Amino acid sequence: MKLRCAVAGATGIAGQQFLVALQSHPWFEVVRLAGSERSAGKTYRHAITSPSGQIGWNVAEPMPSQFAEMAVVEGSKLDLSGLDLVFTAVESDAAKALEPIYAAELPTISTASAFRYETDVPILIPAVNGDQSALIRVQQEHRKWKGFVVPIPNCTTTGLAVALAPLHQTFGLEKVIMTSMQAVSGAGRSPGVIALDVIDNVIPYIPKEEEKVQTEVKKILGKLVGGVVIEPDPVQVSATCTRVGVLDGHFETATVALSRPATMDQVKAAMQTFGRDMTPATHPSAPERWITVHDDPYRPQPRRDRDADRGMTTSVGRLREETVLGPHGVKFVLLSHNTKMGAAMGAVLVAEDLLKRGFIKQR
Amino acid sequence: MKLRCAVAGATGIAGQQFLVALQSHPWFEVVRLAGSERSAGKTYRHAITSPSGQIGWNVAEPMPSQFAEMAVVEGSKLDLSGLDLVFTAVESDAAKALEPIYAAELPTISTASAFRYETDVPILIPAVNGDQSALIRVQQEHRKWKGFVVPIPNCTTTGLAVALAPLHQTFGLEKVIMTSMQAVSGAGRSPGVIALDVIDNVIPYIPKEEEKVQTEVKKILGKLVGGVVIEPDPVQVSATCTRVGVLDGHFETATVALSRPATMDQVKAAMQTFGRDMTPATHPSAPERWITVHDDPYRPQPRRDRDADRGMTTSVGRLREETVLGPHGVKFVLLSHNTKMGAAMGAVLVAEDLLKRGFIKQR
Amino acid sequence: MKLRCAVAGATGIAGQQFLVALQSHPWFEVVRLAGSERSAGKTYRHAITSPSGQIGWNVAEPMPSQFAEMAVVEGSKLDLSGLDLVFTAVESDAAKALEPIYAAELPTISTASAFRYETDVPILIPAVNGDQSALIRVQQEHRKWKGFVVPIPNCTTTGLAVALAPLHQTFGLEKVIMTSMQAVSGAGRSPGVIALDVIDNVIPYIPKEEEKVQTEVKKILGKLVGGVVIEPDPVQVSATCTRVGVLDGHFETATVALSRPATMDQVKAAMQTFGRDMTPATHPSAPERWITVHDDPYRPQPRRDRDADRGMTTSVGRLREETVLGPHGVKFVLLSHNTKMGAAMGAVLVAEDLLKRGFIKQR
Amino acid sequence: MKLRCAVAGATGIAGQQFLVALQSHPWFEVVRLAGSERSAGKTYRHAITSPSGQIGWNVAEPMPSQFAEMAVVEGSKLDLSGLDLVFTAVESDAAKALEPIYAAELPTISTASAFRYETDVPILIPAVNGDQSALIRVQQEHRKWKGFVVPIPNCTTTGLAVALAPLHQTFGLEKVIMTSMQAVSGAGRSPGVIALDVIDNVIPYIPKEEEKVQTEVKKILGKLVGGVVIEPDPVQVSATCTRVGVLDGHFETATVALSRPATMDQVKAAMQTFGRDMTPATHPSAPERWITVHDDPYRPQPRRDRDADRGMTTSVGRLREETVLGPHGVKFVLLSHNTKMGAAMGAVLVAEDLLKRGFIKQR
């Protein structure tokens, strides 16, 4: 018997990605959908159809037919009885209101930033910091919740944190300077990124994005001290985040100062062996390879590589020694699928890991 | 009376930009055109028209009508008699063969990289290192040339060197980490950048580009020692160069470690006052402002800002203090028009400055 | 002394185009600005600046500095005293409410569709149907207005109507089949066209657009009977309207059945001589040539030709004989700048013509 | 045992599509690869890798590993012994030279136009005109070939011919006016479509494309008279072909005059039932539905619909009654994947049908 879940924010792009990620999941089954007030009381198909007849399905994969006629309820009226967990894909303000309601009763895995920076909330990427899940007990005790909230990182953080994790473990990290070229799908549809802004253009600013990346990387790579508090890693991170006319796939350039010497072969090996004990054999949504290292200097490219390994691998290329930032260092480019690994499917992977760790169970 | 010039490589995109930049120049007049063997013997209009009737004019401005019926000769057969200078816009291999022929007789201002790394050749950006033009005398003596070759920098170097120059002068430079997002026009048309490669995509590699930027910035900011040799500046530069689906305008993110402390107001002031004695009043092709600093965090953007100040200003935005790279530092984004300031019009500006300095004169 | 005008809807893209079109107009001067309730009470610069500091100026030309500090009032509170005319650039619903208020007092030139299909309202393109302005008297009498409303056509209609006009006059029109590929700027910014919808894509549907084109072309080419009513031309028009990832410039393919035989040379001559008595010498905003005919089969192209003749010419190319639609016929492609000739500057041209015809005067 | 095939022109985009289409085909197995002189003597992986290390694989699906180390021979030196058929994906000039060599011995299925307009050569789309394959016997006798050449149509013809076929069969066709918006992948990579030409742009001309479509549609819908000659259908076809910035998927608008009255429901039914006896159950590469009719007026869109049914269906939308072209008629838009159904996989489908009809067999 599968665990019964709800998806809140099911009509947005991130919510649609959840429906795709969960449509034939071996462990989880979506049995309820929540949306905005505007959608409440409609079937799912109706809720995403505009008055002029446009079906607002914004994901590459076809809409899973099993959800078309499912009813959508308003988020705050979601019936939690009989559910085992909730996935939320709502805006930050809505998350602040809704997630405590869900978490009081149920495990709640969230793509929103609302709780990411709370001291009793871990931001999880299973192969990177799955052990930080121990903080869930602290959260439950502190907030008197039967469930909990666990957010995934910002989609720009995810690829960087995954690529840095093996370097952190193997050589130590001192400093990171990153520039992102982010895809438009991250901004959704309402209002989303306007075509006028990205055709033949680059937008040099995404509000709050750089701060999120800088804070989250340090927390994710931090140490869980005494099982009760995360001490952020001392690595210094500087990010510049831009938007380009790419549909999906956040591309980043990174320059990294390591604590200890490393040859490029050692860096490559550390990346390629990272996460090898967490694969589809153990976690259905995990990638075969957490990091794919390209030798072709023209790769990775967003359009040609974002869907590799079902959009769950972090693609790295152009590994080069670099000593400008520190005596030991490396620079490289990376690509992470912002709406797969960086959103819904990444959140499902977190749920899988929390199930294996006993934080989520059939009720 | 205007100085009489030839444009070699007149049929390519960079050559077309020369014709636009010179079409109504107060000091220079284009009287001869050279092109490839394929173009030789044709009128200019004919030379750029394909068999199927497509007129291969690839510049935003209309083709100046005065050149339409001018004859094109093969580059090696250009008649140098009666000319005062030559502008070259040919590929590096062709430049290696042709430029010594021209330079033996005439001042030759080049957009090609062929001679940039020779020790007796300065790479000039007038407001930045106009004094390095003194090296021309060394070059002439050494090579027994009546004329000389002066190249402009790679178009990705130009904007970075301009933005760094006031920081270098005012606060000293220690380190620079740069990521570029380059426009497709830099690659011309043959073969140019294929649409399949940049639609919904980023290309993470441009052969030799990073090395060019790293070497050229150090040479341009270097010191002319004893009037005979350029000692490269010790600043450490690390570049990652990528291509995006933008028509014109190279966008770059830069993180800079300074030698001395600087507030953001001081950095801004240093940039805004840079080059103020070289304007259209003194040099017809100079920008009103060498550096335009934006306060709006969403600017500069390639499409909306590349044509500011006739494409000759370097637009800087998002000035922020940054101490990850060094104890004193700044990060910012910049935009430079790769086919205006970074190519033909930048080369014309060099010619204007060399004329004012007495290296180019009516013969 | 210039005529004093107000621009209503001044903060949107079409309103911004009005400010550019009127910033140094020899006859008209903008002295008041109106906007939405959200903008009311702010300076213009403030009204278009977002909370995060982004200046929402969405037109290629720089913001005319003279308007930056001008106050914006709410549209329904616009003080009409001392004004000579009003330009409106508001959505259709707002136009229905506001334009009767303005028109009760003043000549009102509108880009909105609200009144286009009223029997006492002409849709004007001066060189095509300037004589239909006689209907203004009927309108004033009928509605008891001191002023009047004159709308320009939908931006997709404009280029087609201009290209058809000389064929209509010279050879008679039977049938027209048109397919448009429309630019994203026509949809403005709120919500505008989402990047997700047009990157690597074509959208096959624009609500109500085809009906507008079909109705408007017949009305514009219609006959003013007895000075009191427009009898739509019997030409049959079939339009398919699509959206492509182009910033500015509506591109259309047209197949036309003529009433009488015509050689391609005759068609070309009819187009090239059309509107020759209405140029910048008589109307400051008129094009030098109402129709520019290209011989190069690769032209016109939106990006390379939209700005020709200040965006006011209609560019035609690929003239070919075509008898599938009728015994005498022609097919061609055309390009019209949707936010210049097709919007603000086209409306200013209407005002210029109405001034020359005595419908607009200094009060 | 599978039939043994060679792919000629295996290194180009169309050739790569063949390798993907055939990589796990139940009936056919690729055992030899041919390419240009430049590729000859290299492994396939080496042949498509540039000197700078870029792997020139230009298809969305990953390169099938089984071909990486296979040797590439020069096209004219392809060893035909032991082969059962050849697929060719070469340019028209190369096809003129190579295909007679192959066809002298073997069934040769071609994507090139070289032989399409020969009177003894059918242009096949199995569900549309599979019966025209009878002409193969005439061809073999006439040319004294043991094998034969059968080309597929131009990729712009394919979708139109499929969409018209049920109308032709059910209601009769009088006239068709079509405008295409074609993807860049059709032009391949050498030189391909330059990014400078399609970013923010539409190109109004593709040499020879309109003539191909007009001729091919009439031949494909023609009648095989006496088993020896194809009499082109009298339908009149007028095409305007343009290029837009879309990667894959040719989009077309069509206006059609029918011979007999038809309601939109009848048109829809005719389309939806077309080809229902040729599905993956009978032909592995056939679509489940030859024509997919959309009710959502915003569909089909190239990016969102091109991959439906493995890129083999023709997607139709916006069905509307239209009487401008004739008393009975319809207009609609359509989408066909130009490098799947319109190229390699479409050619494989032809081979499947010719095998079922006995023209291809194991030797």
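When the chains are written out, they are named A, B, C and D in that same order, and each has its own residue count from 1.
What we mean here is this: a contact is a pair of C-beta atoms (placed from the backbone, for glycine too) under 8 Å apart; a residue touches a chain by one contact, two chains touch by 3 or more.
Values in this document were obtained by computation on a predicted structure and should not be read as measured data.
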item	value
Pair of chains joined by more contacts [C-beta pairs], B-C or C-D	C-D
Chain located farthest away, centre of chain B as origin (C-alpha)	D
Whole-Å gap separating chain B and chain D, where each centre is the average of the chain's CA atoms	46
Length of the line joining the C-alpha centres of chain C and chain D, rounded to whole Å	42
Whole-Å separation of chain centres (CA-atom averages), chain B against chain C	41
Where chain C touches two or more other chains, by residue	52, 54, 197, 199-200, 205, 245-247, 297-299, 303-304
Residues on chain A engaged by chain C in the complex (per definition of touch)	52, 54, 58, 184-185, 189-200, 205, 207, 245-247
Residues of chain D that touch chain C when the two form their complex	175-177, 179, 181, 197, 199-205, 236-238, 240, 242, 244-247, 251, 253, 255, 297-304, 317-318, 322-325, 331, 333
Residues of chain D defined as touching chain A within the complex	52-55, 60, 199-200, 247, 295-299, 303-304
